[in-house]
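Got a structure here, written out as structure tokens. Questions coming.
Labels run A, B, C and D following the written order; every chain starts at residue 1.
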Amino acid sequence: MIELENLSYNYGGGELLSNISMELRPGAFHFLTGPSGAGKTTFLKLCYMELIPTAGQVRVFGENVREMDRDGIARARRRIGVVHQNCQFLDHLTMAENIALPLAVAGRMGPQEMQNLEELLVWVGLEHRAGALPPELSGGERQRAALARAVIMSPDVILADEPTGNVDWEMSKKLLALLVELNRMGKAILIATHDLNLIRAAKSQINARVLRIAGRHLQMAGAEL
Amino acid sequence: MIELENLSYNYGGGELLSNISMELRPGAFHFLTGPSGAGKTTFLKLCYMELIPTAGQVRVFGENVREMDRDGIARARRRIGVVHQNCQFLDHLTMAENIALPLAVAGRMGPQEMQNLEELLVWVGLEHRAGALPPELSGGERQRAALARAVIMSPDVILADEPTGNVDWEMSKKLLALLVELNRMGKAILIATHDLNLIRAAKSQINARVLRIAGRHLQMAGAEL
Amino acid sequence: MFSEGRGSPSANPEQRVVPPTGFTAHLTFLSAAAMAFLAVFALALSFSAGRLAERWATELALSATIRISAPQSQIPDQARAAMKVLETTPGIASARVLDKAEQEALLEPWLGPGLPLDALPLPRLIEVIAEPGGYDAEGLRQRLAAEAPGAVLDDHARWRRPLVNAARRLEQLGWLSIILITLTMGAVITLAAQAALAANAQVISVLRLIGAKDAFIVAAFVRRFTLRAVAGAALGTGAGMLAIALLPETGEAGGVLTGLGFHGAGWLWPLAIPLLAGFVAFWATRLAAFRCLKELT
Amino acid sequence: MFSEGRGSPSANPEQRVVPPTGFTAHLTFLSAAAMAFLAVFALALSFSAGRLAERWATELALSATIRISAPQSQIPDQARAAMKVLETTPGIASARVLDKAEQEALLEPWLGPGLPLDALPLPRLIEVIAEPGGYDAEGLRQRLAAEAPGAVLDDHARWRRPLVNAARRLEQLGWLSIILITLTMGAVITLAAQAALAANAQVISVLRLIGAKDAFIVAAFVRRFTLRAVAGAALGTGAGMLAIALLPETGEAGGVLTGLGFHGAGWLWPLAIPLLAGFVAFWATRLAAFRCLKELT
């Protein structure tokens, strides 16, 4: 669903990612690791078309990103759920409205969706904070809300950047369980994380692959975990 | 240096923290844990006077927070280094300028301080990013910069909220070593974190105490870790 | 979700995604109001000056006299000659030789009543009425000098012409101010829109992230800013019209300018100001928003 | 650190902590410029109208005449009585009975030269020159009617008074516009400052966190906004003055108003506009900043 082909990227200085190829197929569950500053966030941004590669190709749902116009990118993004590393919300809307925002923007606010929203709020443990405004949330609550917003549209691909950086281990396991269930429904999932415990827990449940960015290249890791 | 006495706090709704007492003495090294949304960030904000308790007392450097005026609070904050959970910077200044900002604001920009700045940048692994602007940094780099800014004034107390949430384990150990060294120099340190590995690593090096917020109260933990 | 709040928002979620208030909002509203207020005054000034110029020009046109002082015997000939000249002068509506009675009435204030005018060698007077556009007084003078040497054109309203010019200038100044004010309003609204977009960079990036199209984002901002500019301009216009209506009335006798204001259908003109503000705001915001979105990549 | 950049910033770090640009900055600059531009025109209008009123008032003051038409025998007595009345009338600078020669010159245009005036029962004329403040014409008329029944005051410039009033009104309108413009400028700068503070909420919270005092933060914003308002107003004033200097000159003959502009030392007045803008900006920003900081806790 997302293919990178001989992709390179730099922010104007030296090359950050070099000659990387990857394919994210339906039903795949990938972790992305690497030291801080290695380029994990950059990698994800390339996948959801916030950045355009300096060399090589990115194909999203079969379309070459370079050839997509801005509306095309918007359409493709509706099929990709993203959890940003520093999750941002519309500060004047309640959390429930924020989580439902992708539905509102896409004009899909039927009763079925409202039902899903309720369930999702319970799953991420935010049912009691549904009416709060984003600045009133704790760090972990924000991260959970961001994950809920990413999956509300039932997207084909979920890209999450450090989704458990601010939550405790119990909550991390709950969030992982949500992602695993979505994965079993056929969604492709790519998670950037530092949390080795999370990776271990996932590997015990499903067939997760671990990619590692090191020295500008993408390596397969996993055996050592 | 910071004393809480029968402190309670609520954001207008139900009580979040209730009847909490604590004393942070020179040379103390405390961890603060608890589930997401328990009130760790709120607790730290009470310690650095961003919030005023709804009941009970907070004394900072011997002065009652309720009786301090805004300039008094500003003066006290110069002796407290804070790492916010979502670290914020002045986006138009370089990282080096941002880290040196407390010195600039206090009018202490001598050559000795410049020397310290260089060393600190190396320690947090940002020497190659000193000239970058904050939006150009990765999540982990921002967190390290925030820690550097918190300690540049050589404050008497360091309060850090999830300072290793976005960095890998190697870097976490390095940052911990920095904090341990500062603690050995007599600084009081209070760290809110979910990272049990970090707490374990600290306990193996120094006499760290673990406080846990659960059910509105502050408990001593640690034996089980 | 989106079901409380105004109207039926699930149909128009773009109405809610932009924060409802904020200083840029006040700024747009207030600058539109202030500009509209000033524009009403400029408009009133233009209209009043225009009317004043009109009136002065009319008075000017009614007040020329030709006096023929010559030996009594030559007077009838010269009067005829002068009349002939006047007939062929463009811009003269009519000319008429005053009869004895009229001339007596004119002289009375100077000489007192009951004067034996018949016994006096009085000059003959011709009253000249010009057309609204006026005539070439200098040319007429030269032609009169040639045809009727005793004829003297007393353009006694001539000194008023500068006043008419002044009034016309004032009218132009009013329109110039309106143009300036409109441009300023456009610039202020554009910048306010850009400030709002910059302040809402987070809103925009969130909307982008969840797959909102540019048109959706732009519509949200444009709608809000246009409404705000129209509302502000309407308020300012209303306040301006009220202020002008409340200006102390000195009556027609006091000259048109002292009665600064609108007459009759003139009161409809200021109502165009909010429409103009809305038009300016719509395009200013739209262009600013699309440019801003393009820059954000 | 803080050593590159402008000046010696380590001494003045507050100059660098506020982002140097941003839309609110442009907004402040531009609104100050636009307001100053309009203010220059309003000022020129006031001055020109004031001069016009002055001139018309002076002309008015020089042009009254009293005509005494009575049986020849009573004329000298009534003339004396009228002179006595005039002497005791406040606001009259001088009055003088015209002699035969002068009266002849006055009548010449009406009657032609070489008139046997001695043979005519001419009324006597008194030229009245008023003081700049003018006099009470109605009161004078009533007193003359009592003391010298044959005396008629011909206040033949009376119809000009509405013009003078109009000019005075125009002058007031100019000053009113200046007040409006100043208030608008103050409001716009205040809101721009608040918008800037709101947009820089992050800057403020960072500075708070690292122990910056309120005065430090306020100084940074106030300084920037004051400089920006002064610079904008200076530009606008300069542009306005240039525009006025370039207005087509119609000369003194064309009336003062058509020569809209400043004379001599009048050119110094617009220079006060940037100072006023700076003053307004300083206080508007200062108050807005302290209020904003108080609200942020």
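To be clear about the criterion, a contact is a pair of C-beta atoms (placed from the backbone, for glycine too) under 8 Å apart; a residue touches a chain by one contact, two chains touch by 3 or more.
Small disclaimer: the values here were computed from a predicted structure and weren't measured.
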Chains touching both chain A and chain C: none
Chain-contact steps, minimal, separating chain D from chain A: 2
Taking each chain's C-alpha mean as its centre, the one farthest from chain B: C
Computed distance of Cα centres, chain B from chain A, in Å: 29
Centre distance in Å when chain C and chain D are each reduced to the mean of their C-alpha atoms: 21
Separation of mean Cα positions, chain C and chain B [Å, integer]: 67
Distance from chain D to chain B - Cα centre to Cα centre, in angstrom: 62
Shared interface positions of chain B, touching two or more other chains: none
Chain D residues counted as touching two or more neighbouring chains: none
Chain contact topology (line, ring, star, complete or other): ring
Which pairs of chains touch, using the document's own definition: A-B, A-C, B-D, C-D
In the complex, chain B residues that touch chain D: 48, 50, 70-71, 74-78, 80, 82, 84, 88-93, 96-97, 100-102, 104-107, 109, 114, 117, 149
Parts of chain D lying in touch with chain B, wherever the complex brings them together: 1-2, 10, 13, 16-17, 19-20, 202-203, 205-216, 297
Chain C-touching residues of chain D, taken from the complex the two chains share: 22-24, 26-27, 30-31, 34, 37-38, 41, 45, 52, 67, 69, 106-107, 109-113, 115, 120-123, 152, 154, 162-163, 165-166, 169-170, 173, 177, 180-181, 184, 187-188, 191-192, 194-195, 198-199, 250, 253-258, 260
Chain A residues within the chain B interface of the complex: 11, 33-37, 40-41, 85-86, 125, 129, 136, 138-141, 144, 161-162, 165-171, 194, 196
